[in-house]
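Right, I'll just put the structure down here and ask away after.
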Amino acid sequence: MANHDIHLTVRRGTVHALCGENGAGKSTLMKILYGMQKPDEGTITLDGEQVALHSPADAIARGIGMVHQHFMLADNLTVLENVVLGAEKLHGIGNGARAKIKEISDAYGLGVRPDVLVEDLGVADRQRVEILKVLYRGARTLILDEPTAVLVPQEVSALFDNLRELKAEGLTVIFISHKLGEVLSVADDITVIRRGTTVGTAVPSETTPKQLAELMVGEELPSPETRESTVTDTPMLTVEGLHLSATDSDGVVRTVLDGIEFTIHKGEVLGLAGVEGNGQAELVEAIMGMRDPDSGTVTLDGAEITHAPTRKRREGGIGYIPEDRHRHGLLLEAPLWENRILGHVTEKPNSKGMFLDNKAARADTERIVREFDVRTPGIEVTAASLSGGNQQKLIVGREMSHLPKLLIAAHPTRGVDVGAQAQIWDQIREARREGLAVLLISADLDELIGLSDTLRVMFRGRLVADADPATITPEELGSAMTGAATGHLEHEESENGEGGDNK
Amino acid sequence: MSTTFTSGLAERLTGKNKGDGGRKPTYPMVMLIIAGGLILLSALRALTGANDLTSSGQFSSALAAAVPIGLAGLGGLWAERAGVVNIGLEGMMMLGAFSAGWMGWQHGPWLAAVAGIVGGALGGLIHAIATVTFGVDHIISGVAMNILALGVTQYFAKLWFGAEGSAAQQAGGNDKQSPVMDNMPDFSIPGLSGWLQSVEKHHWFLVSDVAGVLRGLVTDVSWLTIVAALLFAGTFFVLWRSAFGLRLRSCGESPVAAESLGVNVYTYKYAAVVVSGAMAGLGGAFLAIGTHMYSDGQTGGRGYIGLATMISGNWRPGGVAMSAGLFGFMDSLQLRSGGPTVHALLLLIAVLLVGFAAWRFKGGKTKPAIGAAVVAALLFVWFALTKTVPLEFVDATPYVVTLLVLSLFAQRLRMPKANGKPYRKGQGK
Amino acid sequence: MKKFDKNKLILAVAAPVLAIVAAIAITSIIIAATGKDPFHAYQVMVDFGSKSDSQVWIINKATPYYLSALAVAIGFRMNLFNIGVDGQYRIAAFFAAVVGGALTLPGIIQIPIIIIVAMAVGALWAGIAGLLKTTRNVNEVISTIMLNAIGASVIGYFLQDGRLAKKEGNLIHTPYLPDSAHFFEIPTTPKPIYGFVVIAAVAGLAYWFLLGRTRFGFDLRTVGRSESAAQASGVSVKRMVITSMVLSGAVAGLVGMPTLLGVSYNYGTDFPTGIGFTGIAIALLGRNHPIGMALGALLWGFLERTGTQLEFEGYAQEIVGVIQGVIVLCVVIAYEIVRRYGLKTQQRKVGEELAAQARKSDKAEAAA
Amino acid sequence: FTLTACGESSTESSSGGKGKGLGLAFDVGGRDDHSFNESAARGADKAEKELGVKNKMMTAKNSETEAEREQRLNSLAEAGYNPVVGVGFNYQKSVEKVAKDHPDTTFAVVDSVAQGKNVESITFGEHEGSYLAGVAAALKSKSHKVGFIGGVNNALIQKFQAGFEQGVKDTDPKAQITSQYLYPNNDKGFNDPAAAKDKAKGMLDSGIDVIYTAAGLSGNGSVEAIAGQKDAWAIGVDSDQYQQPGLEKYKDHILTSVVKNVDVAVFDLVKSVKDGKPITGPKTYLLKDGGVSLATSGGFIDDIKDKIEAAKKKVVSGEVKVKTQP
């Protein structure tokens, strides 16, 4: 069950925030309001009238529009086509529609160009297309599911300006987030969800982030902060002059990584900040050997591995927590114990010589399930049937079991609940104490700042800035992420960390 | 005609629809390329004396050979634009040919065409049920479809056409073929056809060639060919210029996004796959009507070739038409004139490869350039040392050409993004 | 744990049973609709199929089918659709026949040479598709279909009097293999079983062991389940594509051997075609499982053996084609239904179990 | 040692007594193929009418294996049919094998030579018939260009080509002959009228005005193409195509057909078995035996009847030796 006993009342013409930790059931609730999923019981009342929403079409007809957590755009279609899809009756699919799009775009300052292919747009632009899609349908109630997750702080404030403008026009906005500072800064009302049910409401002006957080989690928030430093002088991973170019589908060669240089020492966590799509994924893939750099060197524990195959690197001691666990970390339809072998098939206990040792692998999977608290009835169930958090714990357990020298952790706690999050942080800290080097990539700037010993900022394929995690604030990091600041970032005491910090 | 030429053209015709221009072909450009192709062909004809290269008969039969392949390709396009891979085209063609044969001997060719459409659509429906409703892997379902269609048509052919003493048997049917049906009427543009013929006879450089090609396209053209041409145009307008088409294509690009906007993805997928079957069925019917009967094994792998034309045509109607045309051209060339004429083509391909090599070399790609140059040199040698090409090689040309086109251009092709991916309602992220 | 295993077994059996029941129902309707008694037809088939000579015939017929299915299944296991087994086994058998016909060596050397040539040629032909896929991004479904046609032309070119073949009456075939190259037979009455069935069984066993028990097999299955995960886990997907294509082609090379070494002793215009496509059907039917495919191959042999007998009872033998088509379609649908049902129940179970755990801990908290 | 499969064998339990009549096993074309299978069937019908011998006909499926052909012959023999005839050269090996297992049954194979004490090998002088067709073509062509279309480039069809070419050359030495095949090596060639139509059109476009097509069912396509052109002639094969219902519309263009009288051979065999003196060994039905002949329906070759008769005499007498390979 994803939702039960939900009570939610939203006033017209307000911004209503919905918060709750990952997996609390926020998205599910919104999908119900948008007709994408059917509730087993309960009622939805809109403007005093009880409604039944069987499909998104019903919801749209009643003026409800939704911007999904994961963008719902077809890359190969143009912005115009994406916008008019499903609403062709309104203004046709030709010039009428184009004019209307321009009109809306101008009215709310969205700056949307109708004839561009969506695949050529960046994240913030895509989000504006999504909002325009909703407005184009004349929605009076907007649902925004975690619209800020992929934006840098500057883009967030631009978005909030848009939202306030919408509110001024009399529209209702339901806004989902688990970033409490944001919520408090923009919302008129707040509803908190935990484990699929509403646990309370709050008025922003009378609530502190701490109160809200405790309402959300039901307990003290864990902190990702690293206490004592364990950094040593021994370099574990050295990257020098790394350059990588990729050919896109039009045959155009683009530079995705340029002059990347850094060193991670034993016992050091290097945090890499950056807006998604600025080359972090490619850097990870280059270090993992999934992409072959044009020039530069990668050295692991004294051994050059620039062009070594992925397997060699894994055997050489790189552990990998991938960004997208479903695509890169798991075999969804395979049982857990086979997932335990994945990536380490050549290592003990998974195989002996050329042959698999299924028995030993099974036994070791049992151990991981136990030690890493993977909530599962057994190791024969498929990975697909576990929840995201438990899948992640399995992956962490697997990677840690081989005592890596270097751990590449990309968004290690994305979509993971608070309990599991703390556990994963503990794992990383503990291994770090024993000399593990970590390359950490995260969109959660608090996690990044809290866990790292060193911070670097990546922008358009280059490392443009560095910062000291002890003093830096998310805002300052954010400005470097948009390319507004470079070099060594110094914390300026005068500034007040408004809206960005949730502790 | 050659690989590089047409595929280059197809490429241009079908290039990514990049908003305001970019690589979108302009009308004069298309005309220029066609003109260039014609000049090359005429030069080749004049040089080698292979008069059949541009004769009206050659183009007329190329057209007839292209239509069923093109219809299959168009069928594939419909399905795949909605995200369903249809390798069952071959089976749907069989069903179409069979239904046409069954209807045709009793009620004439027009109803045969209708029956073919219905038969193919039924095949499409089964494929849709398996893939859309039950979520079976598309290729697996398509293979199963082909096996089923073969079994069913053979069984019912025996029962309905070959039963001892039945009316069908009396009328000339047997286990493997239906009784014959009437001719599908055809038409020629009066006046024009005769005049063109007189021009064509003179074998004047270019002039006669153009006359030959034109005459081939306006003389004794089956009405069904006209229908097919209209279907190509219609497909373009429906899929790219109507709301229905936008929705259908969105199901192939991102069904989850379409669903979130209230599009019933299942409905559109069903519609697309059924239309796909109908088109392939019409392709099968075209074969049956052309030979006045259904016969066992009539489709001869054309469904698969249709699939290939769809891919090398970059999932665009213009591209499918071009590559089906290329297939038809090669097919009829080898059937009509055999080895010596195909032999002449070696020269053309060699020349074009040299051009290709030069182009790649200029672009700084030495490796492919050298490869092309070496192949070109080998072809020159082959051309110079022989008088004809063995029939077996001629036979294989369409397939080799497809492989060549794909291996040269596959990287640039752009299939619908969610093509072949399973989709379940309400399970998008 | 045990519970899951039992469920798994039930689910595994459910699909084929469901499919065969559905197929029998549909076929019965078709036969009945044409005014014949379907049950009598089944009785004729079962009676005739259970005769000893039928059994021998079926086993002999099933042997190449099984090998073909194995070749297809290797591709399937890693999500490669090798539609080209048909072309691969034919071109392999042809060149093996040419080499075998040209040599006269003791059987112990001659037979392995022939088999190795066949496997090598099959591997080479399939490798082209693998290479085109990895280097030029050409979909293997299309390229193998094209290669089937091209292979037929290549054979056609060489299979001519004066080239690599010679004429015997109206038949054209490669020179006969020497007696030393005749494969042994298992002497059963009334007719012998071709000895190649042993090789097929060994190949099945090797398939099972390779895929299920070796590192290589794990890597191969990983690619089949998720290419992206495989890549990240350290499998070179490109190399794997070529390797498995080559492997599939090598096994495809064996498909023609029972016929070449046990029946025809040459490759002629009458060499059987289409076994590659049958292999696809059987791989689907047997779900790529070595035993499932063996049963599928035997079922196919049974249908073909007994279908002919139907002619004597006034039925059309072509009904066999319908039965085969319906079975395959029903099987693929049934597997999908059962698979999805299995996944759902498992997810529900996991959910329930976790909810129970959560409730317990909530209670504990409340108590504290 | 000998393993015994379980259960009794179908032979032991076969109820079929002896003398059930004629068993005919066709190749893929089936009995009504309007070609030589049909001719064989005609022989069977005639035997039934005149000798009261019943028959059972079975047809091959596409892409069969040796085992299936053997099974078909075996089933017929075991069911008690005698003689058992395999129609088509594909049956050669299977007839040899099955005949060994059934020494009391007489077997025959058409178009091929098979070994065996109880086997008749029925072959025809296609080259001789084709020679006459060549004579007719040469006499009727106004452009002095004639064409030959073969379905599949195999030894059997080459016999047609060789005879035809020789006939043309002997009659009109300056005539141009174009001989082409639809497929080098694919039985599809006998079943692809569309291909034959294209081929014939190509020939017509190059000025050829008489075309002899030896391509089974595909021939319909070339007849159709020829009928579309004034003054062009088609020569058919195997059966008298002038009489064929499917070609009704085009019959005015069917000059003649080289008829292969399989019915005669089949009837002879049935009669011999009935009389207790089964024919065995190779038997070639030549022009002189009436095994092949030139059809005269339509009367289009009446004007050159004498010259054809003269040519026939030369062949029969052995004065002209017709080649079997081009």
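We just call them A, B, C and D in the order they show up, numbering each chain from 1.
Methods note: a contact is a pair of C-beta atoms (placed from the backbone, for glycine too) under 8 Å apart; a residue touches a chain by one contact, two chains touch by 3 or more.
Everything numeric here is computed off the predicted structure, so don't read it as measured data.
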| item | value |
| --- | --- |
| Chains contacting each of chain A and chain D, listed by label | B, C |
| Mutual neighbours - chains that touch chain C and chain D alike | B |
| Interface with more contacting C-beta pairs, comparing B-C to B-D | B-C |
| Taking each chain's C-alpha mean as its centre, the one farthest from chain A | D |
| Centre-to-centre distance between chain C and chain B (centres being mean Cα positions), rounded to whole Å | 31 |
| Length of the line joining the C-alpha centres of chain B and chain D, rounded to whole Å | 36 |
| Length of the line joining the C-alpha centres of chain A and chain B, rounded to whole Å | 45 |
| Chain B residues counted as touching two or more neighbouring chains | 154, 175, 390, 392, 395, 411 |
| Junction residues of chain C - those touching two or more other chains | 152-153, 156-157, 318, 321 |
| Interface hub residues of chain D, defined as touching at least two other chains | 61-62, 184-186 |
| Pairwise chain contacts, counting only pairs that touch as defined | A-B, A-C, B-C, B-D, C-D |
| Touching residues (chain side chain B, partner chain C) in the complex | 87, 126, 130, 134-137, 139-141, 143-145, 147-152, 154-155, 157-159, 175, 301, 304, 307-308, 311, 390, 392-393, 395-396, 399-400, 402-403, 406-408, 410-411 |
| Of chain B, residues touching chain D in the complex | 52, 55, 57-58, 61, 64-65, 154, 162, 169, 171-177, 179-180, 287, 290-293, 295-298, 300, 332, 335-338, 390-392, 395 |
| Contact footprint of chain C on chain A as seen in their complex | 1, 195, 288-290, 309-314, 320, 322, 327-334, 338, 341-346, 351, 354-356, 358, 375-378, 380-382, 384-387 |
| Chain A partner contacts - residues on chain C that touch it in the complex | 1, 4-5, 8, 212-219, 221-222, 225-226, 228-229, 231-236, 343, 346-347, 349-351, 353-355, 357-358 |
| Touch list for chain D against partner chain B, complex | 28-34, 59, 61-62, 153, 180-186, 188, 191-195, 197-199, 201-202, 204-206, 217, 220-221, 224, 244-246 |
